[in-house]
Each structure stands twice: as structure tokens, then as C-alpha cells.
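Across the two complexes that follow, subunit A remains constant while its partner is subunit B and subsequently subunit C.
Our next item is the complex of A and B:
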């Protein structure tokens, strides 16, 4: 097997002569294959002509007469470029504001002294225990009162502050030696300058780890955007996609669904493939596994 | 103080005066209304809905309706409720017909009686357009709260080719549970311990599962809930026990139904692919089956154990409470247009749901269609034995109290009797606040 040989060549040099790491490596490859099968199926189903019928739908063997009909159908049913743009606006908008809020809040909890600090921090963390669904009605009335019903800002609003992000940044900032800050203080750096030049650059891995979590969770969020958005041209990808995947009475066009799903995950998947190494290293250094 | 109270009052009055003055000018523009719609069918129909609304807007220059897609039936209820509470009610909603009672209890619906009266018709004339079986879910306390739009009944779908292969006559479909069990046994194929073809598939996923339980219970002589009062369900009863036990037997005793709770799409896929020879599914899937089946199929009534009876399914059009008068009027125009014989028939042909408006079946297009597709008649014929869809206070949680237990039974983790007792207990708990305010509140 040429492929296996090549894969083994990538295995860490030091472990090449031992048995256990090799087994582990084989296991990883097997897991990767299991993980790949749905993707393969999605690709195959996307290209399968409707004339093949539902019988062949579950098969992994590609059709002999591949067609782009499903892609065309999915493309016509949903305004995918618009949905993608909306999702991107939502994800980046949330992330940019979150960066500011979690940096400042994380810093306050890590380095500033104020009355009731621990209590407030725990109250903050308690937010993590709440199921988001619970807050739909109060959040929506607030968004409507602010005049943000049916706007992308309304979708982003509730996520501007993040308990998880604050926690993560607090941990990261606490790990930074205070001596560095003291040195900057002697040089006359203001509070914001110290955050900007010492804390932020040294916590980059935590920032990227948080960015990944934030973007993927908001990219996949369905219920909240569904609540806020009415206008078809403001739908994010998830809501747009479910127009033809959600069914109540039992029928589904698998080919179109596969094509639509592929379109929805493609941007995220491609980004991941490009920045793969960086993603993984940021998770390793920030301690999230 | 910069602003005195008098100044504020003056400003407010000037404001309202200006509002009153500009009002006629505003009324000349089209009234903008939102129609919330779930997608109980695949993407093609989301496009059909777009076509329908476009046609409406072209014919009504003074109204601009927007169709807003709102997820599943359950999601649509959540979104509608959240929008009402947030002060942004949609003008009309295609709402699962059994949610109307719960919404009426919570004061979330507009009573349609005045709108009907304003058209110069009586309630009886208005309701008379629709099949009598549908009225139970549209009328609450003798007032009209919903207009039937697309409706369904469960059907028995049979793969006629497989039936012939097994020596069964598809022109005489099974009429009783005993016959159905017999058919299912003959239609199940095994290779050793492995089943290569299941005799029957019945869906059980949230929403669908409760409806199928009502179907089986009704054909077993029982009822799911108290049709006259929203605070009682009959889960722990002989009729429901018999129904769930039979379903359980199909899976674990006769081994003709795949174990586990199967969602609707998996059931239709398995029927189309020949993996299941029969299925119980909604009329709403008929167009899908017609378009995809590569074999002769037959549609039949749901077999009985005690009596022939099925529940209504599908959706009605509602007008939420708290709308401005002009939006309410525009929504009413849209609703009447959508439920007219022509439009209702068009939607029925596109989806497989039957048309609730009886006159739809007299339109030339429909007569033509039924001649070509006689299978579409079965659901309409079955309406003679159809009854309302379960509707209680907090319908969704009360339904889930049962569904969770039924899923445990189908997964082989519980026996029907203990499951139903647990479901009854949970449902009684959910219904408690309503009963405390109504039947148990003594003078």
C-alpha cells in the first residue's frame, strides 16, 4: 500500500520503530476514514442524478452519470451567496465585539482588584449553565424594543459578551508573569497600553482558540436567527438550508440536501484546511483539547 | 426642568395630530403583512409558496405580503409566540392545526367571527365550505379561530409488487389489525437472523409519534384527549395500552417492524427503496411517493382493531392577537384567497395534502387530476371517519410526555404498561396549572 507507506513516513520520527505508536497511528487513520465517510457520501449524493432513484441514494459508489442538477436545484432554491454573506457578517461582527469585551473583562477579573470580584466572576460563569433556548423570549423582546427585530445586529447582539471567552482570557492573562506588566508600568505605559502591548500579544493562542469556537458555534446556530429574522434576504446559511431539509410529514430530497449542505459547510471547511496547522497548535497551547 | 409637563403634553398632542393627519396618506401605500409558514414538505414546495404569494401580491396591489419561512411546526409555534411577546406579531401564520386551542387559552389568537360577519356571511356559511371533520380544530367555544389550509390523515401505503410476490392481493388491502399483522409477517424477508425486508414501518419522531399514537388509539376504539376540555389526556387507558402493545408486538414479538423510533423521512425512504413493504404515513407524503416509487403502490385506509377512525393532521391559517386593524384586514384577505377552491386545490395537487375546501374538488383542474391520480381520493374518502387532532393546554409538552415513553418502548427499554403510566403521570403534572385554574377551581 503506497498510501499507507506515505502516511507512515509522516509519523513522528522517534516513534517509527515502536509498535504501540504505530497501532495508535493506524487507529487514527481508521478514525479519519470513519469521519470521512459522511463527507464522501455527501459528495457522491450531490452528484447523483435523480434518475438513479432513492434505492441507490445510500450507496457510496458514485453514479456512472454524475450530474450537477442537485447543485443547481439547491442553488436556485436558496440565495446561497446572500446567505453566506449574512452568516459571515454575523460571525465576524460578533467576534470583533467579543474580542474587545472579553479582553477587557478577562483583564479585570485577572488583574484588577475590586469588591465582590470572585462573586461577580462566579455569577458570570453561571451564565454558561443556562440553556440559550431559555432566553429566547426575553432576548427577543429586548431586541424588538431596541428596534433591532429582523436585523442582523439583532442576531448578533446577545452574543457580544461571552462568559466562556471571559473565562478563557482570564486564565490566559493570569498565566502571564506580573513582572512584564511591572516593567511596562515603570516605562510609563497606561492601562490600555499594557493590555495592548503585553497581554494581548502573549495570549494569541487563546484568542485564536476562542475565535474558532465562536465562529463555528455561530455559523451553526439555527434557532436564534430563525427567531429574529423575517426577511428572506437576511437569512443566514443555517436557516436558508433548513428550508429544504426540515420536514414534518416524511419526505426528503436527499440529493438536494447533500448539495445544499456541501455549500453551507464548504467555506468553513476550506478555511480549516488552509489554516489547519495554526488551528491545531492554538488548541494545544491554550490547553483546550 | 427643561421640559415642563405642559410642554410635554402639548408635544404629545401635536404628535398625535400629525399622526392623524398623515394617516390617510400612509393608507394609500400597500399594507405590508408577514405570513409565517413552516415547511412540512421539501424545498420544492418552499418555492411553490413563493409562487403563491407572488401571485397574491400581483392581484392585490394594496397589500404586500411576505412569506417568512419558520422551520418545523414546533419551531413555527416558538417563533410566533416569541414574536407576539416581543410585540411584533406576524399578520398570519400557517399553524399546526392542533396548536390553536393552546394559543387561544393563552390569548394569542384573533377571534375571526367579527371578520366573517363583516363580510356579510354567517359562521355556518363560512365553515360550511370546509369538510366537517376539520371544524373541530378550527372552532373553539363556538368561535372561529382558524381556517383550514392544508390537511392530512394517516394512510396505509402498500408496495403492490411485493404484495403480489408474497401471494397477497393488493386490491384487497388489510382492513383489520389482524389482517395487517398477517400481511406484515408475509412481507418480512429474513436471511438467517438478518431481516432484508421489513413488513411495515411506522414513524416515531417528535410530532409524528404523538399523531401515530392517536391514530392507533382511535382505531382501537379510544381517544387521546378530552375533545371538549383542554386539561385531560387519556394515556393510561385500555385503548391506548392495546395500541402501544400492538406496536410493541410488531417490533419485538412478530419482528416485522424495525426496532427503534424511526423518523418520518427514514420511513418514506425505506418504503421507496423497498426496504419496508408497507408504511403508515401522512397523505402529505403522497406526491413524494408518486414521484419516486419505481413500483406499483396502493394507498389504503388505516386498518382497525375496534373501529375505523383517524385523526386530522396538517395546518390551519390563524391571525395572531394584537395586530393593527389594517393588517388584520389584509391578513384576512390573504387567508380567504389562499383557502379559496382554486388555490386550495392547487396547493393540494402540489403537496399531496387534501384540499380542505370541498368546492376545490369540483374545479375542472381537480377533477382532471383525480382522474389521473385516483390514489389522491383515499384520504378524502377517509374523512368520513376522521376526527379532530389532539389539542390540549400546552399541546407540545403534553405530547412529548407521551412520545418520550413511546420511544423508550420502541427501543426495547420499557414495557407498554409502565410507559403509559409514566406518560400519564408526566402529562397530569404538565396540565396541573390549567386544571387548577379551570376544572379544579371551585366556587
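Our next item is the complex of A and C:
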């Protein structure tokens, strides 16, 4: 956490003194503009009327007669409200179960002494190294055996336990002074009561950092839901968008694709722009695992 | 009776320590019970979807079924040798290696440049940081939809603005010689801003007094970078390289949306190959064998990097 504080503090005086030559800064500014071009095109193409024709489709100057036709078409072709709802159900479902599992496990690692602690700790560590994305084949057959193929629960289940979240909560709980718990202990609070009333409320920043990481990654998941979901009405946004793109690409409806893409990425981008600092610090934490 | 008594004594004597051991074990278990109960929910899911999955990949790789409905048959290492002999798999491995190196080096290099240029906290810099970070947040599928148009022959963004200057307009995604590079561009665009964050964090650890002293001694920006900043960033480099390698093997959504591994397998990557075997060819045996090989390679790499990090003492 000290690292995070440092990230937002001003750089040290000497470092501030031209950390890169001016050329490097100019190059970075130019690249930042290049980085934004796909977003710029998306916005402009969304508002471009079909009458401008395919030859003007790449023009980055907005059309003089902006229209919302593309948005309407995208809305009608793809079932975006349904996709959004499915994605929200998936992300919320995963997050709620994760909150329970990581709180309990994080507390056990932070405050309790038990036989086999090191061994179990390594078992958790393994999940970080095993890269869940690679285990899609065995996990798909398991989900099918459990009768969860083509269900949103099937999409969520492999992520219910999170080693990263457990370690994050362990770190947060360890930072809480034991005196607080001792006081509650004298008052006769049970283990779960102590977790619920002392540890959880004092660890909110860690919970929110974890929530940002968890929701962002599952909002953007594609391959796993693609394999589990079969019914069109259960598709999350990413799978819906890929089907939508494949359909619209055939008809060269690039304005509609731009509008559909905008609808898919807008919720997360808007949230990011509002909570910028929070997002960035959470992403740094996630790397520090 | 009188004979039985002395005979019973040694039994009791040898049973006592064992009993005490059992008691101690039970006592320790009882004391550990609350912890086990707290860990149980996590362990159930980890057992099902991580350790269990590992075991199933291992077992599934040893079996084969000819058709989805045919009975399974033990084939030993046949799946492994079949995968290794499959030119599509070896091609995917080579593509993936090119892809890993070709995306890691530029995106890490750019990330370092961005971090060095934007280290100073400043309103303009935070806007620039946000601009470079935006691609990290959008789904790869959405990035692919945007880049499909950017790479579209003739009318696409790239040809419209730059392609016209070229003597021949390339078909960016349709030419087997270019398609993999085109895919790599998206990855670099998407990841550079992410790695930038770690370099920004790493730069904060550069000691101010040393920088100041070097400055007073007349060391220019390049000297200071080479001799003070770079050594300080070593753990960050190592860490980002591990992340970039993992990303190269796990990010395939763009292959799925843009090229389906084509043209002529030129953009096929290992994870997409696994997907094809499992979902398109229903060949769980071969898909598991390929998964197993990939996992083995990745775990070897991770272990190696952990050891290197441990040797260097104090990774990020």
C-alpha cells in the first residue's frame, strides 16, 4: 500500500528535473493521440449518417449531419439490454460469492494459526500460477457434468474462489490492530461477529480495489462464456458483440458496428473516468499480488 | 490372571505414547477446525476448478474417443505425440513465440517511455496517462471490432490515411505474411498502458538524493537513466516480462473475432488451437494434451522467473 501512496505523490525533486529528454515527452504526447484514434473513430462513425457512403467511413472529421440512426440500428439488431443484464448478473454474482470466500479465507490466513497452514497457503498460490484461462477444456466438461452447461451459474462458478482476493484481504486484515479484536472478544463476540463488525468495515478500501479488478476482468471475459453459453438470450456483452460484429461485418454496416462497440464499452469507460485514481491504484495493486 | 497382568503392561506402555500423540493431533485438529471451516468454501471451488482441472487434463490427455458418442479408449501418450506431430500445433507454438516476443518488447519499451515521460504529477500528464490506459479497460472483443475497420482493405482507417502513400495496398488481415503483425499491433495498443502503471510505480522508488548528486556531478539524463534509474527498475522489468508472457498465451479473443487463426493458420495461437480441438473437433484428448504441454511450459517459465526474482531479493 505504501507503493500506492508513492505513486500519487509528486515525483522526487531530482527525478522531476527532466526525467526524459523533451523528445521523449513529445513522442509520448504523439503516441497518446494515436492511442485515442480508435476511440475517436468509434465516436465519429457512430454519428455518421449512412448517406455519407463507405468511402467517407474512415474520415475522422465528424459529419455535418450527425445522426443517431446507427445507435438505433445497433440497438435493434443486437439485444444489448439483455447482454448488459447478463454481464451484470455474471459480474455481481461472481463478486458477491468472492466477497464471502476471500473474507473467510483471508481472515484464516491473517489471524489464525492452524495445522498445515503453509501447505494450504501454497495450494492457494497455485491458482495464481495455473492461469484459469488455460483450464477451459477440463472446466467445461466439469460444468457440463454438474448440469450447468448453458447457464450463467456455469459461467460464474470457476471464479468463485480467488487466490488473489484472498491474499489481498489477508494483507488488509493483518494491518488491523489486534487490540480492537481483543475488546470485542471480551464483549463475547463470536468469530464471525468479529469478522463482520471489525475486520470487514475496516477493510473497505481493499474490498473496493478487489471489486474493480474482479468486475473489470469478468466484464471483459470472452472465451469462457463463449464456450459455456449456447442460448442467444444468455450471452454476455462480449459474446453478443462478437456475434453482432460478425453479422454486421457481412453487410458492411461499419457505423452500426461502431455504435454497438460504443454501447459495450461505454459503461466501464464512464465509470473509469469518474473513479480514475481508484481504478489505476487497483490495477497497480493487482500486479503486486 | 496373574499371568495376564504382566503381559498387559508392555501393551499399555507402548500404547500410551501413541494415544498421547493421537490426543495431541486431535487437539491440534480441534484448534485448527475454525480455520479449516473458514477455508472450506474457497477450497471447494479451488479443488473443483483448479487442482481437479489439472488432474482431469492429465487424465483426459491419456484417453481418446473417435466420435463424440464413441466409448473412450485408453491411448497412453498417443495424444501427446499426435499433438506434437500436428503441423497446426507446432505452427501455433511458433506463431505464439513470435507473438510473445513481438508484443512484449514493443509494449514494454513503450510502457517505459510513457512512464519516464509522465512520471511527474501534473494535470496534463494525468490526462495523457488516462488516454494511454483506456485500451486496457475495454474488452479485447471490442478492440477487435474497432481494428477490423482500421485494417479493412481500401476504405479502412489505415489505408485511408497511410495506405495511400504506399505503392501497393496490403490486405492487412488477409495476407498470411502480415496478419500476425496486424494482430500484434492490437495487443501492443492494449497492453502498453497497463505495463506503464508498473513502471510508474517502480520509478517512485528511485532515490532522490542519488539522482540529485548525479545531477550535480554533471551526469546527463542518459547517464542518470543508465546508472541510477535502470538498476532500480530491474524487478519491475522482470515482473512485467512475466505478465507479458502470460498475456501472450492467454489473450486470444482478437484471433477469434478477426481471423479465426487464418489466413492459412498464420495467426493461429496455442490457446485458439486448444479451443479448436475441443469445441470444433470434439477432440478432448488432443485438446487436453495441448493444454498439458502449454501448462508445463508456462509453469517451468514461472518457476524460473520466481527463482530469478528470489535470487535478486525483493521483487515487486
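Note that the second predicted complex is superposed on the first by the 208 of 289 C-alpha atoms of A that agree within 3 Å, B and C clash if a C-alpha of one lies under 4 Å from a C-alpha of the other, contacts with A are read in each partner's own complex, and residues count from 1 in each chain.
By definition in this document, a residue touches a chain if its C-beta (ideal position, glycine included) is under 8 Å from a C-beta of that chain, and two chains touch if they have at least 3 such contacts.
Predicted, not measured: the structure shown is a model, and the values here were computed from it.
In the superposition on chain A, A:140 makes contact with both subunit B and subunit C. Of the two partner chains placed by superposition, only subunit C is touched by A:105; subunit B is not.
In the superposition on chain A, contact of A:77 is made with subunit B only, not with subunit C.
Of the two partner chains placed by the overlay, only subunit C lies in contact with A:126; subunit B stays clear of it. Once the two complexes are overlaid on the shared chain, A:256 sits against subunit B while remaining clear of subunit C.
Contacts of A:276 after superposition: subunit C is touched, whereas subunit B is not reached.
Legend: residue contacts after superposition of the two complexes on their common chain; A:242 is shown touching both subunit B and subunit C.
Once the two complexes are overlaid on the shared chain, A:231 sits against subunit B while remaining clear of subunit C.
Of the two partner chains placed by superposition, only subunit B is touched by A:149; subunit C is not. Looking at the superposed arrangement, the partner reaching more residues of subunit A, out of subunit B and subunit C, is C.
In the superposition on chain A, the residues of subunit A contacting both subunit B and subunit C are 54-55, 57-58, 136-137, 140-141, 222-223, 226-227, 239, 242, 245-246, 249, 254. Residues of subunit A touching subunit C in their complex: 3-4, 6-21, 24-25, 27-29, 31-33, 35-39, 41-42, 45, 54-55, 57-60, 100-102, 104-105, 107-108, 112-117, 120, 123-124, 126-127, 129-142, 157-158, 160-163, 166, 191, 216, 219-220, 222-223, 226-227, 237-239, 241-242, 245-246, 249, 254, 257-258, 260-261, 264-265, 268-269, 272-273, 276, 279-280, 283-284, 287-288. Interface of subunit C with subunit A (complex): residues 28-29, 31-32, 34-36, 38-39, 41-46, 48-54, 56-57, 60, 110, 113-114, 116-121, 126, 128-150, 152, 155-157, 159-161, 189, 193-194, 197-198, 200-201, 203-209, 211-212, 214-215, 221-222, 229, 239, 243, 246, 249-250, 252-253, 256-257, 271, 274-275, 278-279, 284, 287-288, 291, 294-295, 298-299, 302, 316.
Listing the residues of subunit B that touch subunit A in their complex gives 34, 38-44, 46-47, 66-73, 75, 78-79, 81-83, 85-88, 90, 152, 203, 207-208, 263-265, 267-269, 272-274, 281-282, 284-285, 287-289, 292, 294, 313. Subunit A makes touch with subunit B in their complex at residues 53-55, 57-58, 73-74, 76-77, 136-137, 140-141, 143-145, 149-150, 222-223, 226-227, 230-232, 235, 239, 242-254, 256.
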